[in-house]
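Naming follows writing order (A, B and C), and every chain is counted from residue 1.
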Amino acid sequence: MALAIEKKAVSGWLERLLKLGEVIAPTRTPTGDVLFSNIRSGSDVAWNLPNPLHPPKEFVLPQTDPLVQIKRNGQHHEVEAIHDGRRRFLVNARSCDVKGIAFLTRMHEMEPADASYLRRSNNLTIISLACATPCPSGFCICTDSGPFLSDSYDVQLTDLDKSYLIEVGSAKGEAAVAEAQGLFRKASEDEVSQRKRLEETAKHHFGNETCHFASAMRRISTGRVPDILWEKMSDWCLECGGCNVICPTCYCFSVKDLGRDGVWVRCRLRDSCQYAAFTLEASGHNPRPEKKDRMKRRFFHKVSAQYYTRDGAVGCVGCGRCVQVCLGATHMPAVVAAIRKGSWHE
Amino acid sequence: MWGDRLRQPLLQRNGKQEPVSWDEALDCVAVRLKQLLAAGKPVGVLGSARATNEENYLAGKFARVGLGTNNLGFSYYSICAPLLAGVEEVCGTPAATLRLNDIASSQVILLIEGDLAETHPRAAGSVLQAVENGAHLITIGCRETQMARVASLHLQTAPGDEYEVIHELSAAVADLGQGRPSVSIRNDAGQQDLEQHFGSLACLQAAEWITRAERAAFLIPPTCGEENRQWKTAAAFTALAAITGHLNRPGSGVLPLLARSNARGACETAVVHNRLPGFERLDDSRSRQRLEDLWGKKLPSAPGWDAEMLLQSVSGLVVVADDPPSVMPIGQKAMTALGRLEFMVVLDAFATPTARIAHALLPISSFAETEGTFTNMEGRVQKLRPATNAPGEARPGWQVLAELCARFDAAASYDSAADVLREIGQAAPQYVGIEQRLAKAGWSGALLEDSAKQKLRIPPAETIAFASLRSAERPHLLALDPAFDWGSDPLVFFSPTLSRDFRSQRKAFPNGFVEIAQEDADELQVRSGRRVRLTSVQGAATVPALVRDDLNHGQLIVPFVFRDHVSNVLGSDSVTAVRIERA
Amino acid sequence: MNDVFLPDLACLTGLCDETPDTRTFRLRFRDSSKVKDFRFLPGQFIELSVFGYGEAPFCIASSPTRPEALETTVRRTGQLTDALHQLGEGNEVGVRGPFGNGFDVAAAEGKDLLFVAGGIGLPPLRSLIWNVLDERSRFGKVTILYGARTPADLVYKRELDEWGKRSDVEFRVTADSAQPGWSGAVGVVPTLFRKVDLRPKTSLAYVCGPPIMIKIVVQDLVALGFKEEAIISTLERMMQCGIGKCNHCAIGHRYVCRDGPVFSYGQIKELVD
């Protein structure tokens, strides 16, 4: 049963949530950037901002994630897990980012489940806004992660001009709505139909571009992408690791104890599979010595059938951030297209 | 988590660095430096290409006004000075005449490189964009790099021979009836020696592309070879841009590829022994007058020692945010020189090797914890805003330097980094009004205005005797790769994920290595790891070989970080002819 | 869900130099209840923390049949192992684990077992060897073939003597090159094959050692009639988390820390990066 809320009542809802925990939304900084940051009052949320370049994975998988406090005590040590159980609400996220976090959660739920990650994700409720007008570089329709979602969300809003349609998709979503029961009403049939029409229109915005993932996936999964193609494409990659930073589904990391003089913090540090030393062994042997090996690895992890079968989803949410960030234009759509055509820049 | 960060002022006592209060540390620094001055002993100051403009400016003010000396420099200047001098010779200023954003819309790019993707990925990204849009990329270098592979034309050039290539291109331009060749080359026998490296067709093609293009980008980093050669190379390169009409045309120009975030800023705030803020000449009386009025004191008129000389000649030294041994070409000699100083005070955020032997160590904020500005190679002034607090008692560098200036009667009072920037605007003409412009700007900062159009000076036709370095006895060319060693820079060195690659390479080759082409390796019958002996007129050294498939026969390259292992062979030069044998 | 990065604390209770650069460390958990709870399979590994230096994966070299003698054998190769070698009796380290798939001991029941090890490849097999010898009646013929570059490089020298003396084990040792005082065989490990009665049809073969040795041994075993699924080895990769999440040890979609480190030769051939 869908609900609705008048737009002018939304800030009241957010005020209730602010009493329960942190509320995070895209905000425009004084320097003109759009970032996910904490808001202090319910009226602070601007709903018409471009999707921030940095995905919200920072709130479940920080760049530098303190895990364990270690203190030396004479001959012995004291170790204690660092718990982050803050309750948070992420507001005005987009469908792609909802799917991104759902993907990361699946990774960290897999045995053995990682308590540090799950403490954060279990305490994070996402109130997302479906995209009636898809963003210019996005291709979420190809990865089943937008522009509207039919699952994986806590609360999905649809902008109906004077009101929002509310779809609740989880227990966390129910709890968030229950906090401000008086502000919601049952959605009318018209409103529900309007939402469906908006979804159809949004899908059409993507045009007739066929999604190349299927054929790319076939070739990647059966080793039928010629080595020379990876070599050519890797000449365009600058190994900056930018793709790993901004990708909602990238989660590779290293574990290091940072500190000195008997006091350390064991941290998870996000890492990049594109860096030369990612697979470098203590003996000096490196199974992926060339850039082309690492590029091939990245796209195998994201697009292969083997991973799709394991994870239940392709490792891409079509958010288009890599298109914006990649210095060499070796981003997901370009590489997938090159694999389908069998050529690069020819 | 702050393992390698400096948190507290330290003074050296009984061979150990002990924590003290800020007052105690600053007092000690003032007392010791004043003692040296009173005894007539020379003192010096080193700024840094990784310090902010505010820090460098105050370091320079401290030296000139506080200590009364022009013994002032920054380590990276040793590397980039000849390049900038060459550009300045033609344009009247070493400033870039090309913006990074122009590169992407260039139709032709002439690139001298070591490995642009490695040294300047942002610029490389723009080059790739241009190539994707159909631009002709011409690369001049000794390696088959990424850029070389996507280039329309790769002119494989032995290190140090870039000058010859530019000459051939200029000659080709002349052949096309445009402009005039700037130099002619004669060898020792006095004959015109147009050694055809590539066949004149390639050069003609390149010349045609360059002269027909509306927008052409000329990119040049510090090259190999002794100072004079580098200077002439840069001058000839800039002259080529000039004679093909690309120096004063929008969207075209020359971009000197400087490494490190604030090399240009360090030049323009003039932590340089023979310059004044604005990078004005020391003997420019108008500039000197302006500064003496601004600072209220007469300034020393004679040039000081440059960075490498001053390190080895002074008794007292102030080092701001740098580790000279890892940046200067003299490498280990710099470390030895630092160890002989009577008194050294270091301001830094990181426990670098230099910091560890300081008599006084003053902890300052990193770039993420301070307000300040830096100027990139294209002249874009960008603002730093503190994102977090510095650890412990570390303070913003500009504040610490202002305090030191105050103790030497050399400061105005500064309430903020913006106050310092405003003063920079009064001291350096290019920075006039920069503070207001930045206050309104976003992250992309503000571009320095192109300097007033100066009359271009094409270097007169010269005969340059060049002796081919190679001989029958020494048929190989050993060159020091001038590319900046990021592995030694604190931001990489202290990052567990970013440093892994560098650390493992240094662990695997603790005695360094020399890069050798596959063909040469086959001839010598050596594999990677096998030691080889290199002998030049200067001396000999034995190092392991590392076989590469992107080098040409006869070319041997030593990465900058390993220069100490071949210093006997190279001497004071960075290219020399050698004999190579299995050790 | 667990705090999977939280180490247990253990102290070093026995240090034994195997070679000039290799030492066996015995570990005792500070929390005595952990001793009981730490159930592992031969072939599994631990992530060992040297506080102040970091964490690295090391195979468990002792058998689960002897839980009080939890051991790992470590060669000095870098900063962390150097630091580990500086530690002494009573010093404390961190332990996470056990990780990995381990050897399938049940599948070995009733079979003839051939162990082929080279140099530092013996430690991971030692955990299985002692498991087998401690439950000897479950298994068929046991043959152990071991070699190193020189006699000094052989590890577990006292145990080698023990195995040589046992009547329920056929044990052969060799060195690539001899040293004065060495009375054993000289030659690489594969030269031992013709000295023993191999039973390809009824055997499982466990092979561990330097990559080049494994390659040759596997080739020889296949030529001698061993099936690819019956030849079992261990793989090594750079690791960080040990639990299949950080992606450092991935080969294709397999993770050496979870799907391995034990793999059959048939599986190894299918692993494509």
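Here, a residue touches a chain if its C-beta (ideal position, glycine included) is under 8 Å from a C-beta of that chain, and two chains touch if they have at least 3 such contacts.
Here's who's who by UniProt: C = NiFe hydrogenase subunit, putative.
On a predicted model such as this, the values are computed, not experimentally measured, just so you know.
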Report task. Chain touch graph shape: choose line, ring, star, complete or other and state it. Result -> line
Report summary line: The pair out of A-C and A-B sharing more C-beta contacts is A-C
Report summary line: Cα centroid separation, chain B vs chain C, in Å, comes to 51
Requested in this report: Provide the C-alpha centroid distance between chain A and chain B, rounded to the nearest whole angstrom.
Outcome: 40
Query raised in the report: Mind pulling the chain B residues that touch 2 or more other chains?
Result: none
Query raised in the report: What are the residue numbers in chain C that touch two or more other chains?
Result: 78
Query raised in the report: By residue number and range, which residues of chain A touch two or more other chains?
Result: 254, 256, 260, 271, 278, 280
Query raised in the report: Tell me, which parts of chain B touch chain A in their complex?
Result: 1-4, 117, 121-122, 124-125, 128-129, 132, 146, 149-150, 385, 442-443, 496-498, 500-501, 504, 508
**Report entry** In the complex with chain A, residue positions of chain C that touch it
**Finding:** 1-7, 9, 11, 30, 49, 51-56, 77-78, 81, 90-92, 94, 236-238, 240-241, 243-248, 250-253, 272-273
Query raised in the report: Hey, which residues of chain A end up touching chain B in the complex?
Result: 31-33, 64, 66, 235-236, 238-240, 254, 256, 258-260, 265, 267, 269-272, 275-278, 280, 284, 327-329, 345
**Report entry** In the complex, chain A residues that touch chain C
**Finding:** 67-68, 70, 72, 75-77, 79-81, 107-108, 110, 112-116, 118, 223, 251-257, 260, 262, 264, 266, 268, 271, 273, 278-283, 287-288, 293, 296-297, 300-301, 304, 306-307, 310
